[in-house]
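Each chain gets a letter, A, B, C, D, E and F, in the order it is written, and its residues are counted from 1.
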Amino acid sequence: MNEQMRAILYAEDDESLREELMEAMVAAGYNVLPAESGTTAITTLRSEGARIVGLVTDINIGSGPDGWEVARTARELNPDIPVVYVSAHSDEVWAANGVPNSVMIAKPFVATQVVVALSMALNAVPHVPQSSSEAN
Amino acid sequence: MNEQMRAILYAEDDESLREELMEAMVAAGYNVLPAESGTTAITTLRSEGARIVGLVTDINIGSGPDGWEVARTARELNPDIPVVYVSAHSDEVWAANGVPNSVMIAKPFVATQVVVALSMALNAVPHVPQSSSEAN
Amino acid sequence: MNEQMRAILYAEDDESLREELMEAMVAAGYNVLPAESGTTAITTLRSEGARIVGLVTDINIGSGPDGWEVARTARELNPDIPVVYVSAHSDEVWAANGVPNSVMIAKPFVATQVVVALSMALNAVPHVPQSSSEAN
Amino acid sequence: MNEQMRAILYAEDDESLREELMEAMVAAGYNVLPAESGTTAITTLRSEGARIVGLVTDINIGSGPDGWEVARTARELNPDIPVVYVSAHSDEVWAANGVPNSVMIAKPFVATQVVVALSMALNAVPHVPQSSSEAN
Amino acid sequence: MNEQMRAILYAEDDESLREELMEAMVAAGYNVLPAESGTTAITTLRSEGARIVGLVTDINIGSGPDGWEVARTARELNPDIPVVYVSAHSDEVWAANGVPNSVMIAKPFVATQVVVALSMALNAVPHVPQSSSEAN
Amino acid sequence: MNEQMRAILYAEDDESLREELMEAMVAAGYNVLPAESGTTAITTLRSEGARIVGLVTDINIGSGPDGWEVARTARELNPDIPVVYVSAHSDEVWAANGVPNSVMIAKPFVATQVVVALSMALNAVPHVPQSSSEAN
């Protein structure tokens, strides 16, 4: 992640939580793009493309698309992108609405949980050939 | 699965495939309830309740709800229910539309793959006990 | 498992269930030693030694040691032995009393679930050097 | 883990090790309740209830209950609680005495190993909701 | 696997074992291409291409390339192909010579172990876009 | 890892990357032995023996043995040693050349990914009895 371009997209409407978690991810070495709503998150996914290598998202992020929809869009654009949900929702809601191979971290949590989950998921990302987007 | 009530719900609109796979699951000892459309599958999930302990579903199953929607409904009713998708869709579509902790089996497949996937998933289902709320 | 000596130890006091499950394991190619009580199971573990390469055990198996104790003894003798519990107990009881890296199959179940769980666990057994028993 | 109530219970009789590891967990954001013996740990588990969301325990912790017994008690009270053993014991002893889905970290270790193991285990804890009995 | 083209490549020089295991895989529904040496196996991998969707291989298969080399060639041609080694070698040798995400089944084994391992591995194969070979 | 002897071997020919990653591992509490070439790494593995409890290696490390060969040598000496590859190579190359149960971290990465991968892998190392080296 030395290349300045690569970034983690983090969708969170709660400003104080967003700043706390961004700080922890930046301290861990990640380049983080914040989005304060689902609409902004999806716009960023579409405009920034392959630069976004991971998604951390809250579920309820104001009006517009929620975190479930943001994650589905991210996976449509990049089927291998790691997804970490941070949410006050129960795991039961995640079992019905989450995407496969994602992580659900229930609030309250410590920032270390998110950094560890994100790091593990990035390590496990399988290779995506250059031309995979055409195949869709 | 000696109790006559417990059953696997299998949603498939292709009659010949449905009969072939049902035969294999029954030979493996499972009690199987077939559904020839998404509408029938969801009706069965709602009417049969806890009797349904596993879901095997194709994706394109005629008009009405597709297999993605059947699985989400199954998980809303029972967050721990094992889900096995059998589909001609690519894994990439599953990565965006599937539920967590599910299995995707691409067509063409052999029936043994479904029997093994279903058996493993049933073994791994965590118990949610009557009294768990008191324990917390 | 062509070598006549290797065997799966199966501890079950219910005769009809024992015969049904033995038949399924034998049909899958396994050589099975039945034990109708925990006392017999532990005696067999001690006398047959390295010949026993897997354990399938019910929990309540008459008076004497229960299945939890049989499994702990099996792991003291061979730390890598696969353990499959088949039980009417809940997963919650297993979470407190089972051994690590074991499988819990809740009754009612189909015999295929046990055959698949046992086969997967045998595939995953890590190498045990000749002298590991002395190291204990 | 912003809620002040939630805590990790850490049972360790070696004062210098306890302080070193507590410091690391607190630096990672966790709220930690130390216990200098098995008796204290079990008393804390019973009195603090659902406030304890994870257990880190040494095995030999003076007279009274050892770490294996502390972990079994924790799982009887909360079947989903993450358990991390830190011990000079071999993995072989853990294979016979540990609880399912636990982590064994052999001494000598670095504190980062415990923080990572604990964070991963907390992320993976399945939710057991208030109303799950009705849903079944 | 209804499409006649798809096949499992099985490299084994021991004729009686080859016939026994082929029979079990065919009974499970798989279309199997046998190879009695490493040279034949590699020739088949190169000539049959994407038709080969899984590899089962012994290690010592006469003169010429051994099973380790067959598996590496298979992965160079298709990085996602499931690999199951059946061998009298210890797991220790596999830890140094096997490919990632492969399964090692030690002799003696029952054919069911191979069928279950192969079925699980096929279920888990991630999507490989049409054009992935060009990307290499 | 309090014992001064235990160490992680880190093979990397790029001096600035080596210093950055060493610093991160040391900050996480690990004792790290750097090797600036494959030849040095293999010499260190042979001379330091059981003191080396983990391997982090780049793939292209000047002339002499590459990272794939360093990892195979490490596993021949210690079949359970955790292996983490950090490389600009694709996962596809790893699927054909890596060892089982290893982790591949693609460049560019952040040091936290390596620390988390290494910590997880060390936690999961199974027990190796004293005499296992003789068994090889």
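Quick note on the criterion: a contact is a pair of C-beta atoms (placed from the backbone, for glycine too) under 8 Å apart; a residue touches a chain by one contact, two chains touch by 3 or more.
The model shown is predicted, which means the values in this text are computed figures rather than measured ones.
When chain centres are defined as mean Cα coordinates, E lies farthest from subunit D.
At the interface between subunit A and subunit F, two copies of one sequence, fewer than half of the residue numbers in use are shared by both copies.
Farthest chain from subunit C (centres taken as the mean of C-alpha atoms): A.
One inter-chain figure worth recording: subunit B and subunit E are separated by 29 Å, centre to centre, where each centre is the mean of the chain's CA atoms.
Per-chain CA centroids place subunit B at a distance of 42 Å from subunit F.
Multi-chain contact residues of subunit A, defined as those touching 2 or more other chains: 79, 91-92, 104, 115-116, 120, 126-127, 129, 132, 135. The touching residues of subunit A, when paired with subunit F in their complex, are 1-3, 6, 28-30, 115-116, 119-120, 122-123, 125-127, 129.
Residues 90-92, 103-113, 115-117, 120 of subunit B are the ones touching subunit E in the complex.
Contact residues on subunit F toward subunit E in their complex (touch as defined above): 72-73, 75-76, 79-80, 91-92, 94-102, 104, 132, 135-136.
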